[in-house]
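Worksheet: the structure to be examined is printed underneath.
A, B, C and D are the chain letters, set down in written order, and residue numbers restart from 1 in every chain.
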Amino acid sequence: MADKQLVAEETWWIELDSPDIARASEPGQFVMVGFGCGNTGAPLLPRPFSVAWRSDAGRVGLLVREFGSGTARLARLHLGEEVLLLGPLGRPFQFGPDEPVICVAGGVGLAPFLFLVGQARRAGLDVSLLYGERDASRVFDPALIESLCGTEAEIWTEDGGAGNAGRVLEGLTPAVDTTVLGCGPTPMLHALFQFTREHDMPLQVSVEEHMGCGVGTCQGCVVRAADGSWRKSCTEGPVFNAADLDWGR
Amino acid sequence: MAGSVLAQTVFGLRFQGPVLLASGTCGYGEEYAGLIPLDDLGGLVTKAVSLEPRPGNPTHRIAETPGGMINAIGLANVGLARFRAEKLPWLRDHLQRAQVLVNVVGDSVDDFAAVVAGLEGEEGVAGYEINVSCPNVKGGTLYGTDEQALAGLVARLRQETERPLIVKLTPNVPDIGLYARVCEQEGADGLSAINTFPGMLIDVERRRPVIGNVSGGVSGPSILPMGVYLTWKAAAAVSIPIIGVGGIRSAADALQYILAGADLIQIGTALFIDPAVAADVTRGIEEFVLRQPEPDLAALVGSLQIPSA
Amino acid sequence: MAGSVLAQTVFGLRFQGPVLLASGTCGYGEEYAGLIPLDDLGGLVTKAVSLEPRPGNPTHRIAETPGGMINAIGLANVGLARFRAEKLPWLRDHLQRAQVLVNVVGDSVDDFAAVVAGLEGEEGVAGYEINVSCPNVKGGTLYGTDEQALAGLVARLRQETERPLIVKLTPNVPDIGLYARVCEQEGADGLSAINTFPGMLIDVERRRPVIGNVSGGVSGPSILPMGVYLTWKAAAAVSIPIIGVGGIRSAADALQYILAGADLIQIGTALFIDPAVAADVTRGIEEFVLRQPEPDLAALVGSLQIPSA
Amino acid sequence: MADKQLVAEETWWIELDSPDIARASEPGQFVMVGFGCGNTGAPLLPRPFSVAWRSDAGRVGLLVREFGSGTARLARLHLGEEVLLLGPLGRPFQFGPDEPVICVAGGVGLAPFLFLVGQARRAGLDVSLLYGERDASRVFDPALIESLCGTEAEIWTEDGGAGNAGRVLEGLTPAVDTTVLGCGPTPMLHALFQFTREHDMPLQVSVEEHMGCGVGTCQGCVVRAADGSWRKSCTEGPVFNAADLDWGR
């Protein structure tokens, strides 16, 4: 590990040296972060994290929120400690150069959009970012967001402690032909799906499911598709066209 | 990669090394192609193949347990026809030296037999691993825990094929030797020991099972001592070769199985931890073999010495 | 210490809290006296008591496994006479609120019966935990894996005592429900699930088993998901109370057993890791119970919700 | 943990703050060092270590050689990290004030004698120390030994790289009425038993057996006694009169 900073409550910015992954990553892709077969403690299995940033110098940035054993272990990483990285994996967000795009992030669902908006803005694309958190203590530094993304995020907190008061979806205005990209907790994605369907906006979402291999062998990470079949979120996702998924439950 | 000290002929097949990838953890090979030099391995065992495609279980299908994991994939697989049409050709084209065993499941003897029969004409199938031991589908261990049913199944499959027939045993019985002997008597060429242990995790706050299927199979390091023991018991009961599997993530782990009586070993869960583990374990075993007075893997198999009481 | 939200009457006995110390891991209580406030616990289960003293197995008797440990103590114990003369009086004098269950072993039905009969006149014995599931002595699981033998044993012991008779089940069977039902039918008051899994470790360099007895029983965190599953299966099969045991080292672990259907739980291996664990788990369960809309431990027992498929 | 130093190859001096244990310990007693129920990695079980030193300020010193998972974990301890200590446990070395005593240490079997010799010397007793290692790289600093013990140790290495060349037993001369205390690898203890029996010298040894509880409940740690029974090394030992043990195998 090359760098680690506590950037919000229980939320860490972690930079790792990995030139191959840095070079190849596209926004929406993820890496599996693990500790190898010599590690006897939890986590046993690697955990998936969205690529949140990359540098020409070969660094990859992750935005990690402590949740269980795996993320707690990452929070305890010390400088120079090695982790096992597998990636970049999965299908990135995809959109044309002329489409206006709105990214809707809930919590650490912000991660892929830091990468995406930064890259898109540098390419001169029309991409904006809505970012919601439960409360101000969890909000990732707006100045840092701006420096990574090249634009401000519109921030929403449920208690109004930072940015606007309310849920992030309240910031979304109907706009036909605007592509919406979503990443965050499942209830948020559900609401986003309802909203975009009502207003006929194309939606892509990055889903989260427990993963085993990360490369398509174990079928552990499936999500239900609209046609009733199962799709592997590690190879056919994590980014799906929302219309292709089963939102029934 | 594997030096010749590791080469063995087992079930009449040449294995350049003792390490295989376990069923269900390496898909149909293709998915790991860019990550693991598959053709340098002893071989791989495909994901289960059933007569009809199976969609598998609801999610979550995977969760971590202390020192292991639980899975309830539900034998999700493409079914015989697509396996033959889409998956087998890839394996045939890409693996020349590594042996491919096809893991076979079914709901009835006829089901199992139809899968085997349906693959008999196909090249690229070195042998069959018969899965009578999957704890996370209904009736998945039926044949593995009923001697009569097991005998009938193995006898029937023996009629379908002259290829190596390996039966994968469930750990979930009081005396694995009994089932091992039944397989041997009915003509099986070998045994795989072990499949997963049934297990369950509960999300206490939500008062719900973590796994969509409620229960699943426990694999990984936590089951290593059970697997070594059951391999040793099975090896003591029969003279057909045994593939040891369960919790292996290092050469030392693999060697425990080999000394206990396994001719070959499989790695499953540890592949998820690090896909390089198969090559690392092969190398570690080779180093160990070369350090022995008699540098030959076959001489190590079952070489555990039991001190007299 | 344990608040009244944790008090329950199980097998007709009052347990001030749900946490007991598991057999074999707390000796006869005395050894932990200075370290654990024993009388604040739900209770403890003594080391196995057999009719005659048993010296136990050769060394090593203990080794660590991934996420667990293996033991082959061999039911070393002082025997009925010395238990009665030396160990029981201490327990009687020091434990007023915690319940004492005596773990009973034997080589034959008569053996078991003699131990129970020999304790019937003694005060300070709240009940018996019948150990038909010890994997590290010859024939130790005989009664646990043979329905007929088990039925005969339980029926006979039922004649010997009106005290709570709890049968400790082995995990090592395809269908634990079968054995659970046999116990219930023959009049057992409760079940303990589970004992250890047979396992083995090999010292690869020396080509010898690490454990003097060759194999032993695996306990500790690694068996938690199996224990929760088997408790759930046993609870579904019978209506007598169940004591959940296997791999518990936190309140969350214990609550998994309770939601799966355990009225009480036992802690074994984790005591070695930290003798304070029993008090910590009790406190953690209490905190959890107090957070519930219905703050009553009994309401949590078996409250797992299975989503409809 | 209060202090840690690499004092020889794979050998660490570790100081822990534990006033109760420091106060109560006697030479030959041990502590169980563990990582608690929150630790998910190896070692699961605590490991026994002889008390090698104690201070009035409440510190306990251990001499730890890396061997497997438990000792490797201790070698990775960082300052301020907490471990779980249980102790002092077991039966100490016992001898009268007028007996001349020779301590024979093999490898980290030195640990209890650093404590014992230091204490005995300060009390003016006639106690000497023989200390053997395989080679010079593993020898604990002679100057440190002297400062801890108040006397020099007679050092033996098999290759002669430090001190005398040969096995430590070669330094032992028969002396009736001199009590010998031994701690080290089993083969060394065996040789010591032969020697002291031949020359009619009383011998106490500290034995090593795998332990579970450390307090007498599990019966995991037994050693075979001369009468064929098993003795718990955690409570009836680790120090035994050699004559009480079965040296048959």
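The working rule: a residue touches a chain if its C-beta (ideal position, glycine included) is under 8 Å from a C-beta of that chain, and two chains touch if they have at least 3 such contacts.
The shown structure was predicted, so the numbers you read here are calculated from the model rather than taken from an experiment.
Taking the mean of the C-alpha atoms as each chain's centre, chain A and chain D sit 54 Å apart. If you average the CA atoms of chain B and of chain D, the two centres end up 46 Å from each other.
Chain B has its Cα centroid 36 Å from the Cα centroid of chain A.
Shared contact sites, meaning residues of chain B that touch two or more other chains, fall at 66-68, 221. Across the assembly, chain A contributes 39-40, 42, 69 as residues in contact with two or more other chains. Taken as a graph of touching chains, this assembly is arranged as a ring, one closed cycle with exactly two partners per chain.
Remark: the chains found to touch one another pair up as A-B, A-D, B-C, C-D. Across the complex, chain B meets chain C through its residues 58, 65-68, 70, 141, 144-145, 170, 172-175, 197-202, 204, 207-209, 212, 214-215, 218, 221-226, 228-230, 232, 247, 252, 255-256, 259-260, 288, 303-307, 309.
For chain C in complex with chain D, the residues that touch the partner chain are 24-27, 31-32, 35, 47, 55-56, 59-64, 66-69, 71, 73, 76, 220-221, 249-250, 269-275, 277, 280.
Interface of chain D with chain A (complex): residues 39-42, 69.
Within the complex formed with chain C, the residues of chain D that make contact are 34-40, 42-46, 69, 84, 86, 209-224, 229-230, 235.
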